[in-house]
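By letter and in written order, the chains are A, B, C, D and E; residue numbering begins at 1 in each of them.
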Amino acid sequence: MQFDSFSAFLDMGGYGFYVWLSFGVSAALILALIVSSVLGHKKVIKNIAIRQQREDKLRQVRKQRKNTQVDLTQHSTKEITQ
Amino acid sequence: MNQPKTPHNLSYRSVFSLVLKRDLTIALRHKDDIINPILFFIIVVTLFPLGIGPEAQTLSRIAPGIIWVAALLATLLSLDRLFKSDHSDGSLEQMLLSPQPIFILVLAKIVAHWIITGLPLILIAPLLAVLLHFNEQSYGALMLTLLLGTPVLSLLGAIGVALTVGIKKGGVLLSLLVLPLYIPVLIFATSAIDTAALGLPYSGQLAIIAALFFGSLTLAPFAVGAALKVSTN
Amino acid sequence: MWKWLHPYANPEVSYHFAGRMLPWLSALAALFLSIGIVWALAFAPADYQQGDSFRIFYLHVPAASLSMGIYLGMAIAAFTSMVWQFKLADASAAAMAPVGAVFTAIALFTGAAWGKPMWGTWWIWDARLTSELILLFLYLGVIALHSAFEDKNLAGKAAGILTLVGVINLPIIKYSVEWWNTLHQGSTISKLGKPSMTADMLWPFLFCFIGFILLVTLVICIRFRSEVLSRNSIRPWVRTLVSTQLAATEK
Amino acid sequence: MYRNKKRELIPLSATNTDNVNVDSTPIESEQVNMPPPLLSATNLTCIREERLLFDQLTIAINAGDIVQVEGPNGSGKTSLLRILAGLSQPYEGEVLFNEHAIATCREEFHQHLLYLGHLPGVKGEMSAQENLAFNLALHGASDKSINTEATLAEVNLTGFEDSLASHLSAGQHRRISLARLYQSNARIWILDEPFTAIDKQGVHALEQLFKAHIAKGGCVVLTTHQDLLTFSEQQVKKITLDYTFDSYDE
Amino acid sequence: MNPRRKKRLTIVASILIGIGVVAGLVLYALSQNIDLFYTPSEITAGKKDSGIKPSVGQRIRIGGLVVPDSVKRDPDNLKVTFDLADMKMPIVFDKNDPMIAVYYEGILPDLFREGQGIVANGTLTRDSSGRLYVEASEVLAKHDENYMPAELADAQGKDYKKLEYTEKQLKSKN
């Protein structure tokens, strides 16, 4: 241990402000980077899931529409033949 | 027509002059493109004495920096016209689809851009230098650095424009991409002029600017070609 | 070597591989960094000239060399992607850019905080500081280009071109600023390369350095996974993966 | 590069392509003792902004073919044409000209290609004649063989030769770009909506031009919303990009 | 030779020529050995290759080593003078070496030591006795990359005490 007391440790031989500022800002930046990366990963997964749900819905709607379309064409041909 | 007559093969030189002529014609018919960057250059340079104060000694000390920074910004401002209008009316994709090598087309367009923006800057710079009480010993250095440096600005700028031409709001992004690449030119040019003002030989700095010029001349057309392919994709 | 690498060129395999690395990387990074930082702050001797402000060294030097190392990695990835059309390289380049930018910012900030007491100023237009600042601009340009394109594939290609242009430019920039401002006056007083340090100063540095390398790899792995997912979002394996993960979190 | 030949992509938007129907029967039957196709594409996959437009598309276009690409808006017609022309790169697969990948023979391929996109590529600062002359020269026509006045007359632009293009209408811009077809030596014509802003008479003239072109051994690939009137059903090959088929993850 | 191969050859040749020219220019520039600061001997005797001397009243940048025992400080304020000598290896100081005095008022950087390399920006001036000196507006110290614990420095007999300032000196600044 290079320092006699905790206050000496904080003081850093008169350079405490600069040393702690450096370490503090670096820690904050790295922490922000890690948090944003992890959150970004979750967000990507969420976005894909949302899109998946939207597509499932659209696919169902289209299936229904296709069925009705088939009905319609049958109707119209009937009308013409009549 | 099973054996189609092969189209007339243009030589590199005729492709180059074809595109150069076209771009110059368009610029001459659209005079704003030529006049606006020069006006901008003049106004920026005249702003400095107003902002800093008319003291001759101060002005002559910072004059190289003022002129070069203004030239840099004027070039940056004019870069947009290099590919933007061609991109938006479809002539760019026609050029990329032509059977001519892309780097020749790109080089011709960059040379046209330099003739339209760089050359007028060089011609007007000595007049402005007088207004800034430029050191008499360094006029030669100013002209030489501008002559070698402004083509580098056009060449490197073209890479930035080619990357951002397909993006809707590419203006600010363009300056973010291009300005860092301009820094070496700025540093060596002002250093050459300062050295000349001290009466020292500045051939070293000039050689570096020349090296930047030849380096960007050989490599930039290929980078621009690759970037244009991405942008028109 | 290509044969060995081949399976890892598959996005699914590399995604899971990166995932398996995460716990190891985070444990090792935490271990090395905590040992290194405590040692550096409390146990390493102070410098004879700079006193305790020298402790910033343990942060500044790893950050600065990583900022350049990551750029180099990004450039290699961009080159691979351009020449061999290797799509995963784009994803890894995209993952590296923000990490590199953060470490460049750290190097700059700690450098300034160290320069204030030592040089007497927060900032001087010194060769190293200026070229590091330009490196930060290049990183920001790459990140901006990545986010400017809607299509991730195109974004990767465009950013790759800029990265490579930047890598040609970096030595020029470094050299130009060195020439322009000659505070670092030649090799007579500055020491080239190998820092001659006593072992009790060097060891904490090594711990910090390895710890930071592990940390950087960890963050790049996390970001790489997100990039791979979003680039392959239409592949079935991503869909099943997403739905199983979502089901797990809902429980 | 690792590539799974199986269908491994999920079409993203359900309102979009779930499958691609290539009406390939005539093409394949002809292939038996025919020379290799002029332009072909294998396993083309196109992804735009994380949407799958088409997947594993294989096309062969021979000399004498007229191919119409059909599909609703946003189904990837333009993307397909741009990929065939070499303007865009497909996500997977490749385009072959005379059995060579177009990336390896760009200049030869472009000598035989005429692509007209949505944008006419006409500069407002130049006259109709200058525009046409520049485009022809750029694409390899020799100066002597160009008679721009006669060509502009073909597209009903007599009297407008010297007016700046910025004074002309959108339809006239399109005519200037279409005028190149009359002077073209290219065998492959790729035309994206050539009939927009063209009147009935003009459409008819263009169709005659296509007929002459394919008779000479060229080929035409085009998208259009209206039917080609003077061609019979059998003559026109169709590539349909649409959503009439169910997606494959079912 | 077929035209395609010929084209390719011209491209490759022009790139090679371009790179060659660049390399040549860079080598030439390096041989020019530009440095933007004057060493003390260059101020008295002129630059080696050009013989150019800075003139009195000119703003210059001077670089050199602080001559040991030359630092004189005013006890009442922050005025300080010291001599600079040329840098050379090994570091030895000879009384007959050309030296230039530097005048400065302000807080010197913590790394300012006797025997240390520094760069000063200022005006070249001549005093009443005809001696040249530099009126510095800025003094910058180089941090060298030799780090060592204090004990080791003591053992090597290094002088590493940083300058202390009295209250009075600091007050005079305001």
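Everything below uses one rule, namely that a residue touches a chain if its C-beta (ideal position, glycine included) is under 8 Å from a C-beta of that chain, and two chains touch if they have at least 3 such contacts.
Because the structure is predicted, anything quoted here is derived from the model rather than measured.
Among the remaining chains, D is positioned farthest from subunit C, on the basis of C-alpha centroids. The chain with its CA mean position farthest from that of subunit E is D. Chain geometry summary: the mean Cα position of subunit A and that of subunit B are 41 Å apart. Averaged C-alpha coordinates put the centre of subunit D at 67 Å from the centre of subunit E. In this assembly, the C-alpha centroid of subunit A lies 22 Å from the C-alpha centroid of subunit C. Along subunit E, residues 34, 36 each make contact with two or more other chains.
In subunit D, the residues that touch at least two other chains are 12, 107. In subunit B, the residues touching two or more other chains are 9, 101, 191, 205, 208, 215, 219, 233. Put simply, subunit C touches subunit A in their complex at residues 37, 41-46, 51-53, 55-56, 59-60, 63, 98-99, 102, 105-106, 109-110, 113-114, 116-117, 215, 219, 222-223, 225-226, 229-230, 233, 238-239, 242-243, 245-246. Within the complex, the subunit C residues that touch subunit D are 6-7, 9-10, 84-87, 150-153, 230, 233-236, 239.
The part of subunit D that touches subunit C in the complex is made up of residues 1-2, 8-12, 47-52, 91, 249.
Per the touch definition, subunit B reaches subunit E in the complex via residues 9, 12, 61, 101, 103, 191, 194-195, 198-205, 207-208, 210-211, 214-215, 217-219.
Per the touch definition, subunit B reaches subunit C in the complex via residues 159, 163-164, 166-167, 170, 173, 176-177, 179-181, 183-184, 187-188, 191, 205, 208, 212, 215, 219, 223, 226-227, 230-231, 233.
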